[in-house]
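Report on the following structure.
Chains: A, B, C and D, in written order; residue numbering restarts at 1 for each.
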């Protein structure tokens, strides 16, 4: 029994004492930047108020949405990426999608995440708090330094969020996608450094999590291979991290509850960083 | 600073001590039951592994989704329902949707919810734990009795979930929608009783939250009027509540983070009930 | 030169002399009957007049559509059906869809059709002009008889339309789909008889062209195998044929111009039967 | 009776004698250029061959499509544009869309077109057959000259197609849309000249039919006002006209059969120019 007043659930006690919720998710809007590889987010109101009024004076409006799953802030399911024809579980990547859905590693297999999260605010640690340049590769040394400067430790099972500052370009479609400018992020080395800390998931404020060189597009994604395929670590992209960084929050309770989209390769999400009020 | 080892955030401490996460969201699948008023959930994989392999042996699969927002487990934004031409904030309901989106009361205005949640397991309290009959109207007396039997108190700002047991029919499309059978739930009286407790949101394991009489369809929805329009209380529908009830969890930390769908009338969600491990 | 007044194009002359156009296509509406195997037709207006008025007082409304291609009146591309792993051109059916599109036999490869069409009004010939019963299999003898009664000859390359009368049930979703009632149409024998006349395409006023037995669903579709895979003959479904039959038009110029949907398995269409005014 | 061998339908005779069909429609592909005001065309195969094989060795593949209606080659319904709050029939433009569909002037009200068509090959007449420059406004004098050079007369009820040559840029997204370069076409004067000839419909090989000045976008569309709203003349856009021009075909039988999309503001189409073989 969990509802006896006699034994207060410590979690309820902590929440009741006051928490601050930092919203790490983007607003989904028509026209927001996203990878051209995915169906864009679109929305319409098939029914508006006044279209059909019931006998009691009530009416309901509703929506129609079309989209990929790697739109806005989103999490990659393990099924998203294959290497040499294999998925993270060693299965044949082509056979795994028979039926038009990934039964074993689809988005519906991502458990809700309620874990300790840490923010590595790299540009602040490197002395340019506004953000890194397009194409800048965040190295293991950068990550080490950031953790040290912040006094942040990473435990196995944590969720590690890497701020690059590139999120400031979200309202500028071409720059956020970064085809010409590139996008800052970890490369294979940084991804390996992260994976070696054995996090449950990693995230960033960029469209593809990893470093994209100017003009290179999404042709090679080594961090996806290391994290998703080789280590089974989820990747969260296009997060809102500037507010969290500005608040100086580097350790928090991270909550992410992806839509249980059966067989899909990912899900749009609205992750939260929750901290007790001081 | 929140990351000093010296001052442990009580929330992090509570989570680190061990929590159990109850998943209250439905899996979204092609063919799942939903109201015929909304575009049905559909999914395809535009790209499967093997369709396009990059030079390094990697490949990515992706998704295409079409849906309404009141699909699967979902939350209603305040913009969803109007009464006598007015929305919850008193604005003109038709004007509020100009531009094809609800700027003031759309789904993007629903803040993430991290609050105390309570479950009112009505059928168990009434002696038929499997569930109520189609069309059964849950009365204020039923709700009072359930709270009393459970020893559950409802505080202002809580999220109150009403279990009817109808979720057991989710795999039977026609029954879950309930056009012929009806669906159990609160009527105007029960909704008013709930609203008087001043909850932040309410939820149920049914398609429309409220009592639907056999053959009546969704023609009259008085609980929506009371809750959404008159009191500004969010409604969450098609929740998975049987597992939570079976575990005897009646008070918990409730987490819900709707997609920030700009201007939409609701969002599919995957709510969580989180409890500290005993 | 085709524009000299001196040499009048005979086709222009025929059209200018007066033609009657019979519309053989269904109206596409939300909620119309279609096979549950395909994404249903949905429509919304993302922008209505008044949402955004330009400086000169003009405004534009627009649409958002989600659908399968086998919706409303539609034509099957040869890529739609495979038998024993092979398509109509003998290619491996699975490999043919690599890339998420059928390059060789997709809907974009269906040339516009401007040919002689013939209508076989089977129920009228059989003495029940309103229509055949659900599950009735139209035999070669029925087809022979109909052609004879009508005085209709079928030439190689013609488009042959089979009226069953089942189109009268289009406004009754369950009956038109025919899961319980079955649907009248040709079976393997009738399809073979048709194929032996070497038509360019065949069509019917039913959801699947061929005979569906009550309760049988779409589990076996031998006419599709014979026509699409073995003979390379297009199939047109859910046509409106009652008006044409009522007008006694059995031979006409048939025009069908499918959308050139790259790589798709079919296209919604609005076929026409055009006849000179007497 | 139309099927007696004794009285051959002149249209059938003309078609049987041999016709050449010029396809004036674009292939619909993911990524093709279209106005950003409309949901882009997207396609996926929810089911591929091999995903589900029936007991008899057969399998069916199918499609999922999301799009606006003003995609690829398309026709504007009269409901598409309003001026000063009124539609072509004088009705209140906002009220006309109540219910989320245009009952009176939607795409379902566009009758199939089987009429004489004429091509005005403006750039060839002006001595630059490849095509006009971005932003060039085709004047009444240009249209007069073209008709004269070609020896083409326009009769009331004809369909008049204006070639600008801009279709050569269809594979170059940015240029075809023309935000920076502009797009050639008629302005208000040219539209009025056309309207005064009382055509049934007009068309062009550009994204918006009318002249767009470099950098001006779609902010002002006077030709749409003149043609759709003031005169009730349909507009067809993004046509393929270069092949027809290269073949020197200036008069033909024009066939266009829009999808009967109930209440929509337009329809993708695949128009045909049909000529008797010499």
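We adopt the following convention: contacts are C-beta pairs under 8 Å (C-beta built on N, C-alpha and C of every residue); 3 or more make two chains touch, one makes a residue touch a chain.
Since the model is a prediction, treat every value here as computed from it, not as a measurement.
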Request  = Going chain by chain, each one touching the next, work out the least steps from subunit A to subunit C.
outcome  = 1
Key: Pair sharing more residue contacts (C-beta pairs) when B-C is set against B-D   = B-C
Interface residue overlap between copies subunit A and subunit D, same or different (over half shared) = same
Key: Whole-Å gap separating subunit C and subunit D, where each centre is the average of the chain's CA atoms   = 23
Remark   = Per the C-alpha centroid definition, the whole-Å distance linking subunit B and subunit D comes out as 46
Task = Name the residues of subunit B that each touch 2 or more other chains.
result = 30, 39, 42-48, 50, 64, 66, 100
Ask   = Mapping chain-to-chain touches, which pattern fits: line, ring, star, complete or other?
value = complete
Request  = Going by the contact rule at the top, pick out the subunit C residues touching subunit B in the complex.
outcome  = 31, 36, 39-40, 42, 44-48, 50-52, 66, 98-100
Ask   = Which bits of subunit C are touching subunit A when the two form their complex?
value = 30, 42-46, 48, 64, 66
Request  = Spell out the residues on subunit D that touch subunit C in their complex, using ranges where they run on.
outcome  = 1-5, 9-17, 19, 21, 23, 25-30, 37-39, 43-50, 54-70, 72, 79-85, 87, 93-94, 96-97, 100-102, 108, 111-112, 114-116, 118, 150-153, 219-222, 224-225, 229, 248-253, 255-266, 268-272, 274-276
